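Read from first to last, the chains carry the letters A, B and C; within each, the first residue is number 1.
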Amino acid sequence: MLEVVDLRCERGERALFDGLEFKLPAGALLRVAGANGSGKTSLLRILCGLALPARGDVRWQGESIRALREEYHRQLVYIGHAPAVKDELTGRENLAVSCALGGTPADAAVVGAALERVGLDGYADLPARHLSQGQRRRVALARLAACEATALWILDEPFTALDTTAIGCVQEMIAEHLERGGIVVFTSHQEVMGASITAYTIELGG
Amino acid sequence: MFKVLRVVIGRDLLLSMRRRADVANALLFFILVASLFPLGVGPEPNLLRTIAPGVIWVAALLASMLALGRMFAADYADGALEQMLLASAPLGLIVIGKAVAHWLVSGLPLMLLAPVLALQFDLPIDALLVLVASLALGTPSLTLIGSIGAALTLGVRGSGVLTSLLVLPLYVPVLILGTSAVDAAAGGVTVQAHLLLLTAFLIFAGAFAPWAAAAALRISLD
Amino acid sequence: MSRPSEAAQSPRPSFGGRINWFKYSSPQSFFPLAGAAIPWFAAAAALFCVAGLYVSFFVAPTDQQQGEAYRIIFIHVPAAWMSMFIYLVMAFWAGAGLVFNTRLSGMMASALAPTGALFTFVALWTGALWGKPTWGAWWVWDARLTSELILLFLYFGFIALTAAIDDPRRADRAAALFALVGVINIPIIYFSVQWWNTLHQGASVSLTRAPTMAATMFAGMILMALGFWMYSIAAAFIRVRCIILERERNTEWVAEYMREQR
């Protein structure tokens, strides 16, 4: 369970949000919406523990993530604005490294299957600098397929730069994850998940 | 946990392998700086022999400082550093991994090149060995201390100059110990004390700097 | 379980139900306190400095070897003391800011840095002025002078780092970490420089001649050091008030304060 208590975030002496509270049980999907600059990415970075809130706390299974640290990281997949894909490494190498860093080492078969799932099977051994923007994005998102057992997914604008097939694929992965009892938090401007899944929504800057 | 360490070292080495030009540039810089001094002070062999330890050490120090920019900046720009902050191993350990990989491609080649440069300055053979030993013990300390400066200045405008401003004063003990070791060897004095002190400094830096750099990374990515 | 959409954005009073441990750690309450304290510290600084200068120029005996020129140590030594002391205080505030996450600590640290750099510079400058008649050179690579020079670089690094980072919170925290790294390194730097010094010229010259110092000389130095100390506090308070106003310019209380000033 992911819990947020009395969260306040400031950027440049201005409060982006204040007194934010919510609890997400297993199997919950949370969409963070809001205008540009309303603090969506800031909220996600706070949820991961990358940024410190000006006040308040984020708790995972009842414990503060600042106390849990690596233990929390092991149960977290964060895919940020920057895809964290190295130009010099192939898709396969990129994915293997990011899985190993995250504490869920993936063998060659898992990596191959994950890349195939996001439709990159023909490009797995190409250095990422030869890939398009959307393809790099898919290399990053392939981590979701390789880290199914990781409980919490935090995704910053996962659908940008993706074509319709890829969007469908990501939606499918999210739906499966929720069914497994995982938690997904993502930011998006539009309602992208199908009607079959109920998502909680936070409107920031409202 | 040590698997993560291995992964980080392997990844950074692979990245440097595929960006060999960066590594070579820092080495060329080292050779160039050291070669400028005889042109500046004149070819008098005795004078060159006197200034050789200092010149080579200062050149090595500057070259290793130049290389610091590579340590975190690229990973910061493409978001890979964020993933390292969220890794399943303590961040200090990841910094150690990055420092080891960084030293292998920046400090180690300096150390291997230094004797060749020292021959230009006509250093005696005994002093050559001590020079290599002092660089072997000293350059890892430089990388470790430098990692703090590099982490603090991530994403800051003019970060290269700023890093040197922060890091160079902290390099002073290593420079003093390193050059005096070579000086002592050239003068025929025992060098054990110098090398032991360098080792002590390296142990101290190794125990302390990765955690300071980790804290600096957290601050810079906040 | 509460529905996020309902619970979101519920307004809460700031500091509601939270014990405020350090009452004056909030910039708002420290601002008037510092304002009230400045005249007192400034007056004390003037008093101590006048007394100190009187003692050092009229009471302290003339040195047989160095004549009147030695009197510059009444500025030089206290300035050197203050330069190191202020670095320690700065590092203390920096550490407190990192641990307790109080905003005022970072502001105090960055307010102290220019004063510390000033005293370091004064110590170097007077050291050079003293060196010329004593050793015949403006600059000697004496262990203390060299350490002082490196201390000046550390101050400049701190100031440059604070200035280069736009986000004030990140600037404070990054500079704080640097100050702490520096404070751990200063003893190592000092000992290595001293060691280097003995290797190269032997410990022949030493700036302070503590064993032979007359009691009045010591009194003069202490008085000057107290004066400098009071001055540092007054200067840091003036600077921290400026920093507070700048950082909190969007808040209600600063707006009100500015209206009152007009």
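Just so we're on the same page, a residue touches a chain if its C-beta (ideal position, glycine included) is under 8 Å from a C-beta of that chain, and two chains touch if they have at least 3 such contacts.
The structure displayed is predicted, hence computed values, not measured ones.
Enquirer: Give the label of the chain whose average Cα location is farthest from that of chain A.
Expert: Result for max centroid distance from chain A is chain C.
Enquirer: So which chain ends up in the middle if you average the CA atoms?
Expert: Chain nearest the overall C-alpha centroid, as shown: B.
Enquirer: Quick one: chain A and chain C, Cα centre-to-centre, how many Å?
Expert: Using C-alpha averages as centres, the distance is 45 Å.
Enquirer: Taking the mean of the C-alpha atoms as each chain's centre, how many Å separate chain A from chain B?
Expert: 36
Enquirer: Rounded to the nearest whole Å, what is the centre-to-centre distance of chain B and chain C, using the mean of the C-alpha atoms as each centre?
Expert: Here the centre of chain C sits 31 Å away from the centre of chain B.
Enquirer: Using the touch rule from the top of the page, what residues of chain B touch 2 or more other chains?
Expert: 222
Enquirer: Where in chain A do residues touch at least two different other chains?
Expert: Answer for chain A, listing residues that touch two or more other chains: 52.
Enquirer: On chain C, where are the residues touching two or more other chains?
Expert: Touching at least two other chains: 169.
Enquirer: Can you name the residues of chain A that touch chain C in the complex?
Expert: Residues in contact with chain C: 6, 10, 12-14, 17-25, 30, 52, 55, 200-203, 206.
Enquirer: In the complex formed with chain C, which residues of chain B make contact?
Expert: 148, 152-153, 156-159, 162, 165-166, 168-170, 172-173, 176-177, 180, 183, 201, 204, 208, 212, 215-216, 219-220, 222
Enquirer: Which part of chain B faces chain A closely enough to touch in the complex?
Expert: On the chain B side, the touching residues are 3-4, 7-8, 11, 14-15, 18-19, 77-80, 82-90, 94, 221-222.
Enquirer: Which stretch or stretches of chain C touch chain B in the complex?
Expert: Per the stated touch rule, the residues are 98, 150, 153-154, 156-157, 160-161, 164-165, 169-170, 173-174, 177-178, 180-182, 184-185, 188-189, 192-193, 195-196, 199.
Enquirer: Could you please specify the touching residues of chain A with respect to chain B in the complex?
Expert: Where chain A meets chain B, its residues are 48-52, 69-70, 73-74, 76, 78, 80-89, 93, 97-98, 100-105, 127.
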